[in-house]
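When the chains are written out, they are named A, B, C and D in that same order, and each has its own residue count from 1.
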Amino acid sequence: AKVGVESDGHSQSTVSITVVGASGDLAKKKIFPALFALYYEGCLPEHFTIYGYSRSKMTDVELRDMVSKTLTCRIDKRANCGEKMEEFLKRCFYHSGQYDSQEHFTALDKKLKEHEAGRISNRLFYLSIPPNIFVDAVKCASSSASSVNGWTRVIVEKPFGRDSETSAALTKSLKQYLDEDQIFRIDHYLGKELVENLSVLRFSNLIFEPLWSRQYIQNVQLIFSEDFGTEGRGGYFDNYGIIRDIMQNHLLQILALFAMETPVSLDAEDIRNEKVKVLRSMRPIKVEDVVIGQYKSHTNGGVTNPGYTDDKTVPKDSLTPTFAAAALFIDNARWDGVPFLMKAGKALHTKRAEIRVQFRHVPGNLYNRNTGSDFDKATNELVIRVQPDEAIYLKINNKVPGLGMRLDRSNLNLLYSARYSKEIPDAYERLLLDAIEGERRLFIRSDELDAAWALFTPLLKEIEEKKRIPEYYPYGSRGPVGAHYLAAKHKVQWGDVSLDQ
Amino acid sequence: AKVGVESDGHSQSTVSITVVGASGDLAKKKIFPALFALYYEGCLPEHFTIYGYSRSKMTDVELRDMVSKTLTCRIDKRANCGEKMEEFLKRCFYHSGQYDSQEHFTALDKKLKEHEAGRISNRLFYLSIPPNIFVDAVKCASSSASSVNGWTRVIVEKPFGRDSETSAALTKSLKQYLDEDQIFRIDHYLGKELVENLSVLRFSNLIFEPLWSRQYIQNVQLIFSEDFGTEGRGGYFDNYGIIRDIMQNHLLQILALFAMETPVSLDAEDIRNEKVKVLRSMRPIKVEDVVIGQYKSHTNGGVTNPGYTDDKTVPKDSLTPTFAAAALFIDNARWDGVPFLMKAGKALHTKRAEIRVQFRHVPGNLYNRNTGSDFDKATNELVIRVQPDEAIYLKINNKVPGLGMRLDRSNLNLLYSARYSKEIPDAYERLLLDAIEGERRLFIRSDELDAAWALFTPLLKEIEEKKRIPEYYPYGSRGPVGAHYLAAKHKVQWGDVSLDQ
Amino acid sequence: AKVGVESDGHSQSTVSITVVGASGDLAKKKIFPALFALYYEGCLPEHFTIYGYSRSKMTDVELRDMVSKTLTCRIDKRANCGEKMEEFLKRCFYHSGQYDSQEHFTALDKKLKEHEAGRISNRLFYLSIPPNIFVDAVKCASSSASSVNGWTRVIVEKPFGRDSETSAALTKSLKQYLDEDQIFRIDHYLGKELVENLSVLRFSNLIFEPLWSRQYIQNVQLIFSEDFGTEGRGGYFDNYGIIRDIMQNHLLQILALFAMETPVSLDAEDIRNEKVKVLRSMRPIKVEDVVIGQYKSHTNGGVTNPGYTDDKTVPKDSLTPTFAAAALFIDNARWDGVPFLMKAGKALHTKRAEIRVQFRHVPGNLYNRNTGSDFDKATNELVIRVQPDEAIYLKINNKVPGLGMRLDRSNLNLLYSARYSKEIPDAYERLLLDAIEGERRLFIRSDELDAAWALFTPLLKEIEEKKRIPEYYPYGSRGPVGAHYLAAKHKVQWGDVSLDQ
Amino acid sequence: AKVGVESDGHSQSTVSITVVGASGDLAKKKIFPALFALYYEGCLPEHFTIYGYSRSKMTDVELRDMVSKTLTCRIDKRANCGEKMEEFLKRCFYHSGQYDSQEHFTALDKKLKEHEAGRISNRLFYLSIPPNIFVDAVKCASSSASSVNGWTRVIVEKPFGRDSETSAALTKSLKQYLDEDQIFRIDHYLGKELVENLSVLRFSNLIFEPLWSRQYIQNVQLIFSEDFGTEGRGGYFDNYGIIRDIMQNHLLQILALFAMETPVSLDAEDIRNEKVKVLRSMRPIKVEDVVIGQYKSHTNGGVTNPGYTDDKTVPKDSLTPTFAAAALFIDNARWDGVPFLMKAGKALHTKRAEIRVQFRHVPGNLYNRNTGSDFDKATNELVIRVQPDEAIYLKINNKVPGLGMRLDRSNLNLLYSARYSKEIPDAYERLLLDAIEGERRLFIRSDELDAAWALFTPLLKEIEEKKRIPEYYPYGSRGPVGAHYLAAKHKVQWGDVSLDQ
């Protein structure tokens, strides 16, 4: 049933998964539950061991206790869940250590060896730790806890630098200790079910590919919005800002997947080759094609939400954008002239992440008299919603049943998730499984990362060096109005603000 | 709310609708109920009168009684239905007369004039009578009961001749008494909701038109099947056969609508111009591209169904086809080389009428390994089901949610009738309303009829003159296997025989 | 060798061609020479007679003498030309008469009958007379000189009215005496070799049709310019103006032929059906999309050319445009949004008539660095030159041979007339032959004429009622600069003003 | 004037070009003349030195004498040619040595250093020697004669191995001494003017790219034929055969360039990436899609030409193919189902190398009656002739001028070389210049070479292991008739055998 994925799970081999930063939030909320889900579904190899590693002192039992609290969320309604959980926890262990200590990693290595019991040893390290200690941890893991007869892989989370220079430096450092094919840069948006389905729809159906170009698509919108602010934890964010936090990775990655040419195969290298081509074909972003914003305090119905700079962890005079909108262009034969509009923001009125593809109007439309003045609303639109609920739907016009001729627009759900009873797995499950199986399709390669930074670094420099003032918008609003003017300048209307979304 | 339709209903005008052949089955089951439905929906003009005309002796009350029995079917669950029915029946009258009597029609004229009471008089005659008396009735209605200051229109039902010659003769006769724009040749299949919606989907959405050609469509199938035989009433049928009864009109009309170029407007003349162009571009049908069949008696589970020639009204040695399949081709730039397969039959295993559009395979399909050997099943297919339940759905491939990559094919319902609570009106309602309003889009023009006969007449001659023996098939079966060989010869597989339809 | 043309020339039939207005300029310069050329090429039927008819008194010999003077132009270098000319002139006769005299036409009829000598009689009248006597002549010819056993056809020259009303009135009058298929409205631009070749190129080669739409064509230009003014004969012109004289017929006819959909066949009715569809799809012309001009006196190198109102036959205060430019749009699926720019003028710097098709730029052009700032010059362009020398050429970019990479644009001649030694026949030859053979493809049908007037009449009314002042331009110049602003408004640059045409 | 090429020629740098194998035929006929032509055109850097290196004993003067004899061919008619030649020869030197002697290369290095005189040293070695000594020479040149402060590059000629294994071994050996970007694998067919122009035509004109796919192209033919046999020098050839000698490199390289997707830029790596994608998308070649042949003796007009095995240097029982034809397929979205037919042979009736692109027929062709039974001849065809005279022409249908409608097919020359007076440079000039300038676009990368061998190796194994007998054909004939059956099987007709080529 698996495609392009070969199992590494010989009965004589084993996988050891070490979660570095095991006491952190991400580990608790996402990584351990995902590992359990994989175990429950029978996707982990027969022999495996899971190690939590962090600076805190903890026993195996304490780790298991901690982990067990978060396992309930997804699976507990299912049969024999408790039993499975018991078995899983028995395979979880804890090792306390500093992230930069060769000695502590050597101790871990010794424990791992015991569990491996002479089998072929494959090791996966998941680095769930702050960027400033990435390289040290990689160095130690690589030097003192690498597998000697199997593979060693390291999953790293963003941020991957702050700009072209720091990113290149980080990559260079990592490559002192790891080969390119050992580094798994995770962007969990790429692990979403519908990002996979996007390619299936496009490449396994005849009817979408002919439409996938400037001849039929008027614009593409990539929208990310959160309905909450930094909420007292803005320290990390203030150093990065929304462009680095969301646009340069999540939105740009999805854009590249959406816009790429047909790859020569579904292999990871081929897909990533095509993604890099998209990034390299992009026109440098002009400052006048970018709007930045920052939310301010707002009172509504007696409830006051604080502004960004009201966050204690944020400097009072911070100009860090919590909102940004940008118009990007891909100067290749397929997309020449089609605006790709991006919008990302915190403390907005809604929580969502989606791609909206607005098609051109019907040339010489015979039904113009019917669609009347509201002409733009009647164009076809493909909406790929990543969250809150994954969905792909297409807006089409049809006739209202009955005598006479009245047109209406309805949503065509292309996913039909209702048809499938199975739950959609969390992005982390997919990505962890891919890393274990050596499937790199959804991870970011160095040259992709370079190209992404090459696109955004000049813009970020310009904004930060000139201390550009963000446009302020109320907490819970739809964001700065500048975003509308930006869209209008490119003859686009944001699709997420109409009543009929 | 109406499109391209101008109302003739001035307050000073009136419409008189005369159902000629009022005591027949069609009149009872379809025409009077449709007229009532139009009345109930407020679609008839303020002043109108309905006259039943036939040879039987009957009073107005008897007619009303007869009519009232069939009005229940569609509307009775609705509010104040009874009251409306009362009002409607008060406007229904009866006039007994011969179909070829000028005198009797003159008497009708007198009565109509009384009801019209000096208003502008518009008159619609619905000829629900056998073909041999068409011309006489038209002559009488035209000479003795035409409107003098408004319009006079005549609706005629098939058959419109048996071949090019008889059809041309009939048209010539009709034109002695009527202008082309007074003749409304009805094909009730064209009044189906989804035939209208087909044009809406194609012309008011950007995404269908680019696919509507030989480059993307591998073949088109037009399928009509009934699950019963002539059942003791085969006399009329035996004289015509399935090709004349279904193919040459219903299926060919739908084909022309489906395949036509974009008309210059939605006006009737423009649409009919384009339909004629399709018919004229069709390649003469070769006898070897046609399979004919006749059903024979079959016993299943103790129940025996009679064969066609077991019907008492059918000659024992009749060779009349009750089934036919044919491959047709349109030699124009859009459809060159695309087989249009037709299939029509009686006494088959199911009852349905549908258009199936099978798309080509995905060139260079990346997912070939997944669709495996059953490759053909994985192409996209658009199904337009005319009956039993009107629907338009598209078969697309998508990914089964979950880890790994498994493809599945699901049906995408393009109509979303569930969204609309309103009932779909019967085809006769739409057509009667169109005739009253002078909207000719769904009626067949003389040159269309000529072109349709020109296509089928040589084939019919060949079959009948050579006394070609039909392939026999059991009552209730899927029809002659020859139909499969015909399809295979053109590299097509019938879409209605797979499990996953 | 003829296509879609069936010869009417049985050995027992004869054709009589009567040139009504035989002493006029057109008759002398074009009609008689064209008839002789047809005779020389063996294209006339075996039995034929030519009659000159006009008010002047003349003998047969005098006519022959007059005619013989103009026959020299094209053929004299060829073999046995003198001999052929002798034979031809023997078949030419003259009849003097009033254009509105039944009696005189009856006398003509008598003479024609003598020549016909009992054969099947076919008669062609070529009306080369002023518009005010059209109808009278048609009436007389039809009533008193029609064929009784063959066909009678009448060729008429523009003007066909001044606007929708007068044109409709003229058509109505003609139809009192003639059926539609007897009327041959001539537009000699349609008889040009390359107008025929345009269809051949497009429809008999695979490679042009895919490019023939809004997706690849940025704009189309129809340009007509003369390098002389009215030169003392502006009386007729002043009553019509350049829009009626050139745009509404010649340019619009060519536009319709260029832009039409693929006809269902090459038959005249099918081609004319498609042309009418184009005309009906055209958006009403806005006054602000039209520039009008009038030439004024200009002195250059000591030579002074007079202005339009210096012409003695033109009123001093005439506002009649001698130049016009307009932007037109076809609101159908193929051409939606593509500007069709027309430009026509007298007393300009050059003499030419051509269609220029400018293609869009190459999306995502890899060679952008090479084409540099002069980007627009590097798009492909198709030029169809009607006069002075007929030609079709395509501008394409190629590499200058040699090391390094330098691009250049060259003209690709699609006609290769050099390949063919035969002379290109005059438009009148083709049209006369078509009229004799009943081929109507290149003549204008009533509904075409109506649609053409419907497009221009409101504009003409607006200009004339508001007494819009034309923009003055010097004799021999490139016309009003307003034409450039009009083009620029629609993002177009006139193709006839660049150095590299 | 150069595109995408940055000059390395600082005034302080110098280039030393060493022709290893200087006394061989290729060096004399192609390499030295090309170097002189570059010098004459001012394309070589200011400071340069040319060294001949081979085992023969020779003085500088003798080398110059030898070289001067072949310089006459191209340039001598030009101004001051003699003077330029003098200057050029002064820069040519000779060094005698063994190809595997570190000592001799060290001696060369010393001489080169003297000429470099302290400037930045760039060194180009052209290996014009047999394959069995490639690696030794590379080793010595790299170890003992590399530049220390500039670049060192090595041009190698085919054969690059005999199959996947030997080619991989050779690449591995070369990479011991050289980086990928130091290796310039030459295929002189890629240096032809028109191979460059092919990309210009396609990517800098709007009108070709839309046609460049399966939708419009019916088949592509790559044809190479020589009109002479091995002529007594078949020793080398017999070891390789025509498939390795011509198909696997020259024809396959041109195919890849022709069929590739639009690269992301014109940079060498981007173009080669796209070429590799084509090769990887190719379907394994089936033995039944290949025809092999060998020429036999033939007497014509008293002259007898010997058969292949009559060559003294060829084994009597040799089965080596001197002719091969094959049908290849590219399984991607653009080319799925389009046959790419290759044909290469010696001792045929003509000498030529060309690509022929046959377009599909016009769907629903209106002119079918005209093209009549000879329908296939009337499709459009694009011919790219590499030799004898470089040309690109397009066959289109147009109307024969004159009355009536007769279609004809003419050739449209897309190159218009007549327009340019400059001579077309030899392929070696372009390639040498590219190597000096570091432009790798026209050289073959290791992964390209691997993919090319992966395609042909299984076929070669099958043929050689099964000792497949070639089809014999007479010297000077059109080759084995099997090639026609192969074409017919894929519904293709070879374009080089019709009268009207």
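Simple rule for what comes next: a residue touches a chain if its C-beta (ideal position, glycine included) is under 8 Å from a C-beta of that chain, and two chains touch if they have at least 3 such contacts.
Nothing here was measured: the structure is a model prediction, and the numbers come from that model.
Residue contact pairs shared with C-D exceed half only for one pair among A-B, B-C or A-C, and that pair is A-B.
For this pair, chain B with chain D, the centres built from the Cα atoms lie 64 Å apart. Between the Cα centres of chain A and chain B there is a gap of 53 Å. If each chain is reduced to the centroid of its CA atoms, chain A and chain D end up 47 Å from each other. For chain A, the set of residues touching two or more other chains reads 209, 262, 265, 281, 332-333, 362, 364.
Contact topology of the protein chains: fully connected, every pair of chains touching.
Taken in their complex, chain A has these residues touching chain B: 1-5, 38, 41, 43, 193, 196-197, 200-201, 203-207, 209-211, 216, 262-263, 265-266, 359-362, 364-367, 369-371, 378-380, 394, 396-407, 410, 412-417, 419-420, 422-425, 429-430, 433. Chain B makes touch with chain C in their complex at residues 209, 261-262, 264-265, 273, 277, 280-281, 332-333. Chain D meets chain B in the complex at residues 214-215, 281, 330-337, 362-364.
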